[in-house]
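In what follows, subunit A forms one complex with subunit B and a second complex with subunit C.
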Partner chain A sequence: MFSSPTVRTSFIFLAIALVGLLFADIAITASNPWQDLGNFFLGIITPNFFSSEGLMTALLRTVAFAFVGVALGSIAGFLLALVYRSLPVRIFCAFIRAIHELFWALIFLQFFGFHPLTGVLAIAIPYAGIFAKVYSEILEEVDPEPGRVLPPGTGNITAFLYARIPDCWVKIRTYTAYRLECGLRSSAILGFVGLPTLGFYLEASFSQGLYSDAGAMLILFYVLIATMPLWVKPKLLPVYVLGAPFFLGEGLPIVWGNVQRFFTEDIVPAPLRNGEGLAGLTPWLNDLMINQAVPGIWNTIVLTQIALVASGILSLLAFPLISNHFGGPLRRNAGHVVLVIARSTPEYILAYILLQLWGPSMLPAVVALALHNGGIIGHLIGRQTNSLNLRADAPTGFDRYSWELVPRVYRSFLAFLFYRWEIIMRETAILGILGIYTLGFYVDSAIQNIRFDRAMVLILITALLNIGVDTIGRYIRRKLALQTMPTC
Partner chain B sequence: MTSFDLSGLTASFSGKRVIGPLSLRINTGDKVALVGKSGAGKSTLIRLIHERVNRDSSLIPQDLGLVNALSVFHNVFMGQLDKHPTWYNTVTLARPFSKDRNEVHTLLNTLGMTEKLWTPTASLSGGQRQRVAIARALYRNAAVLLADEPVSALDGPMANSVMTHLRDGFSTSIIALHDVELALRYCTRIVGIQGGQVALDQPSENLTTSDIMSLY
Partner chain C sequence: MAFNLIRKLMLSSVFCFTATAVSAETFVFTAIPDEDETKLVERFRGVADYLSEQLDVDVRYVPVKSYAAAISAFRNNQVQLAWFGGLSGVQARRLVSGSEAIAQGVEDEAFQTYFIANTNTKIEPADKLSDLKSQLKGKTFTFGSKGSTSGRLMPEFYVRDTFDAKPEDVFSRVGFSGNHTRTLRLVEAGTYDVGALNFKVWDKELGDGNVDTDAVQIIWKTPTYPDYQWTIRGDVNKRFGDGFKQRVTEALLNLNDPELLESFPRSGFIPASNDDYEPIRKTAEEIGILD
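And then the complex of A and B:
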């Protein structure tokens, strides 16, 4: 079994995660975690949809920010995809998508303040980077033959519209619609940094112990995402996109002086700002690296590796829930509901809830990341097993799972997992804002202490770390010849 | 420019030469059939000639080059994209002009497929797809036709009718054909390809089926 490179790779990653566990801070620190968890579930069963009028507004704002952000991101991403062959464009896109929506929001908050533009750009910018990459991959796959047959002298735009776009239009549309679902999740968590979306009201309800209000919000969010095929129709899309900007809310006006100050003073490293020159820069950078960057990087990597393996184990355990090789339709439908909930809850919200209940440590983060990512991969793998036709006398039960199904889907399972490696790391970094000592924690503290120069360097480091992991992930996928469609 | 010299044509795949060096002179009015067993290099030769004439020809490649998501009309219309400004082509994508609709309709009529004008080509049968590519080549109306097994998916009567249209529609043509009978009936000159070289080059009237069979 160990002669297979996929199995060997899996065990190497398992070993790394186990070593990581020795260093990780895994604990339940709350005094009565199970009672809190019980109260929370009680809140979900007894949702209170009418406690505050803010709930519906929050839902509306969440949808509006998602639509405007994703629409702008997809337009910009499409234009970038057309010039994606150029190396500077590719590097630029890799960079902007390596920075999490919440980090973008934290940056824009410093100079645009609570203006709607902050939320819109926080979604649009990283999404443009992702759209550019995926759109360009989709455009690459177009059959080149029709383009070759075109009469010479056909204009570039005409050739593009006839020979390239129609062939990949369905893929572009499907992917964009899928990204819209991701956009709703991104939009919801922007509330955690103060924008008027779901996260804001969720945090407010939680901090007051109003679990029934929080439960109502989560349920509405699931309904919103689960019913997307019903209300997101191609014909209605222009209405939504054109209407959404009017529902972003007023926010607070932009103070242009702040914008100027941010770029000319705030983000200039302190020693340069204070006139100490380049000589002062070294001790400043040393202090930043030793006390913030290195511990942040270390914790981010440890947590990422544990969460990656936990996600993998969970998805292998979860996919039979929706596989039609096991159980009846009733159990399968229940399985679908569980996986839909797991994957539609943003990991940030899961981590926030678990952190409130169990107290600060890496445990809530690992469980949140594993639940969300395990839900996504389990869903994809489970769906894949449904298209497998086994011989009539194939074994049943656990033998079917371990001999027939897992070996058949293992490669695509690994492909999805390594694809999500970079996503898990990006999320791990951001979970620091909740108080786990990953890079996000140090970014957030630097911003709290009004040291934007430090925050910018730390965000830059986070981006580079993500790009690094993405490169290794792609290398492994290529080495093991694993292919996958993008997920978010 | 319908008469042209093709000299020093070569092609290699992964270091192995599959064509040439090969020279061929095509005169205006030549209706050339390329014959030879599969793998002899006919498709590669068609492709090389297409590049050599700067793509200024009506081409029917073996895999047809259809845009599957577009309708039959649009695939045929693509033969004249160079004749219109960009705005005209863009409007046509959404709503074709009646002049073009009528032209394409008439053309498809002669090929026996009018009822499918607005069907995406993805949902057509092999023979119908082949006729869409043929219609596109006819609509393109270049001086030279380059076709690679254009009637391989058509039944006898339809194949003969289409070959008649291709013969009458182009003054000069180079058609790769595995059907020797069709080659002798519709072409004036037979060029046999063997091992990437010209093994036979004769007017059709000098040849019989058995002369050509020696190539296979």
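And then the complex of A and C:
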């Protein structure tokens, strides 16, 4: 069994995660976590839709920010995709997508403040980096044949529009629509740092233990995402995109002097700003590395590796929920609902909820990451098993699961998992804002102390870490010849 | 088509943003989110109405999610007045030259932090923190917000002073609950053994019957220090007319609506000055929160 490279890789990662568990801080510190969890579920089944006057507005703003952010991101991403062959462009895109939406929002908040532009750019910038990469991959796969049969002298733009775009238009459209769903999730969590989206009210209700209010918000959010096929129609899209900017809310006016100050003063390392020169920079950087960056990096890696393996295990356990090869339609439908909820709830919100209920440790983060990512991958490979035709005399039950299905989907399972490795790490870092000692914790602390110079160095480190993991992930996928489509 | 889309999008966003600029002459203020949001919104909407009536301009309160966001909004001139804690006020005034502490609560001259413990820990109240040394060691501990004076700065200062060590080295787990109400709830529920919070929040919750005194009790009270204050930007007169700062100050000092004062809870507001907060600045520098 160990001769197979996929199995070997799996066990290496399993071993790393188990070693990580020895170092990880895994505990339930709340004294009555199950009672709280009970109260929470009670809140979900007794939702209070009329709690906050702002709830409907918040939902509207969540949609508006998602549309404007994703629209700008896709336009910019498309333009970048056209020049994606250039190395600087590729590095630039890798860099902007390695920084999480919430970090972007925290940066823009410092100089645009509570202006709609903060939320729009926080979504548009990282999404542009992702769009650029995926669009360029889609464009590369286009059949070159139609281009060759064009009459000589055909202009570049004409050739592009008539010979390349038609072949991949459907793919681009599908991916962009899929990304819109991700955009809704991103938009919702921006509320946690103060933008007027759903997260703003969700945080307020949760922290006060108003579970019925929070339950109502979550339910509305699920409905919003589940009904997307009904209200996101190609013909209506221009209306949404053009209308959305008007529903971003007023915010507070931008003072442009702040932008200049941020870039020329705030993010300049303190010793340089105070004229201590390079001599002062070394102790400053040392202090930052030893007391914040290194513990942050360590915790981020440990948590990422545990969450990665937990996500994998959970998705292998979850995919039969929606697979045609098991159970009746009733159970499958219930399975669909479970997986939709798991994957529509942003990790950040899940982790936030679990942290409130179980107290602070890495455990809520691991469970949140595993539920969300396991839900996504479980859904994808579950769907894949539905296209498999087994022999009429194929075994049933557990034998069917372990000998027929898992081996058949294992490669694409691994492909999805390694694709999501970098995404899991990006989320892990951000969960620090909630009080788990990953890099986000130190970024947030620096911002809370109005030390943007330190925050920027730490964000930079986070980005480099993500790029590193992305590179290793891609290397492994290539080595094992795993192919996948992008997920978010 | 794509270009058409961009053009329309840009046009509409320009339109959207200019629409916001019109309302720029509203006097906007914020407050550090040190308590449950519902309470804050209720309290400060009342203040906004009061100030609007007294000053004869539109006054708007903007809720924020963190202490730093309140400071940034003040620094970025998106708000012109703020209800800060001791530390956040010092931080904000350092960043905005000409800004001034104009009024503080009567109780803010001599503010206190209470250390509270879950009764399961069996820690008994003491007069000196050093008497609790052996009992506190190894317990779990929560501060309030990272930028709080009564919930972080002062308790951290006294922990360091007493144990001669960082809080992380004294306690088995150190958390930041986010605000004072949450600190109270978390210690009451036993999620953390010990916590430190603003004494006014404790007193008010206790008075309202929201504290389970069988589950949580005060174990130590810090010496007094100056805390919350109203801080205003130096350039408000230029924007809202001569004497505006003076009018705001007077309006705040004259605030005597018992219901509104009770919501803070303060018995009234008295004059304050930047110098009143020197002790806070020194403490913050000592524990390395301020450069």
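Just so we're on the same page, the second predicted complex is superposed on the first by the 488 of 488 C-alpha atoms of A that agree within 3 Å, B and C clash if a C-alpha of one lies under 4 Å from a C-alpha of the other, contacts with A are read in each partner's own complex, and residues count from 1 in each chain.
As a convention for this text, contacts are C-beta pairs under 8 Å (C-beta built on N, C-alpha and C of every residue); 3 or more make two chains touch, one makes a residue touch a chain.
Predicted model, so just to flag it, every value in this text is computed and none were measured.
Within the superposed three-chain model, A:Pro295 lies out of touch with both subunit B and subunit C [touch as defined at top]. Residue contacts after overlaying the shared chain place A:Gln448 against subunit C, while subunit B stays out of touching range.
Once the two structures are overlaid, the count of subunit A residues touched is higher for C than for its counterpart among subunit B and subunit C. After overlaying the two complexes on the shared chain, residue contacts for A:Val255 are found with subunit C alone; subunit B is out of touch. In the superposition on chain A, contact of A:Gly280 is made with neither subunit B nor subunit C. Contact with subunit B, but none with subunit C, is seen for A:Leu150 once the two complexes are overlaid on the shared chain. In the superposition on chain A, none of the residues of subunit A is touched both by subunit B in one structure and by subunit C in the other. Contact residues of subunit A toward subunit C in the complex are 29-32, 36, 68, 71-72, 75, 78, 109-111, 113-117, 192-194, 200, 203-204, 207-209, 238, 241-242, 245-246, 248, 250-255, 258, 270, 359-360, 435, 444-445, 447-451.
Partner subunit B is touched in their complex by these residues of subunit A: 143, 145-146, 148-155, 157-159, 161-163, 166-167, 169-170. The touching residues of subunit C, counted against subunit A in their complex, run 2, 5-6, 8-9, 12-13, 15-17, 19-21, 23-24, 28, 36-38, 62, 64-69, 71-73, 75-79, 91, 95, 118, 120, 140, 145-147, 173, 175-176, 178-179, 181-182, 185-186, 189-192, 289-291. Across the complex, subunit B meets subunit A through its residues 54-56, 59, 61, 63-70, 74, 78-86, 89-90, 93, 136, 140, 142.
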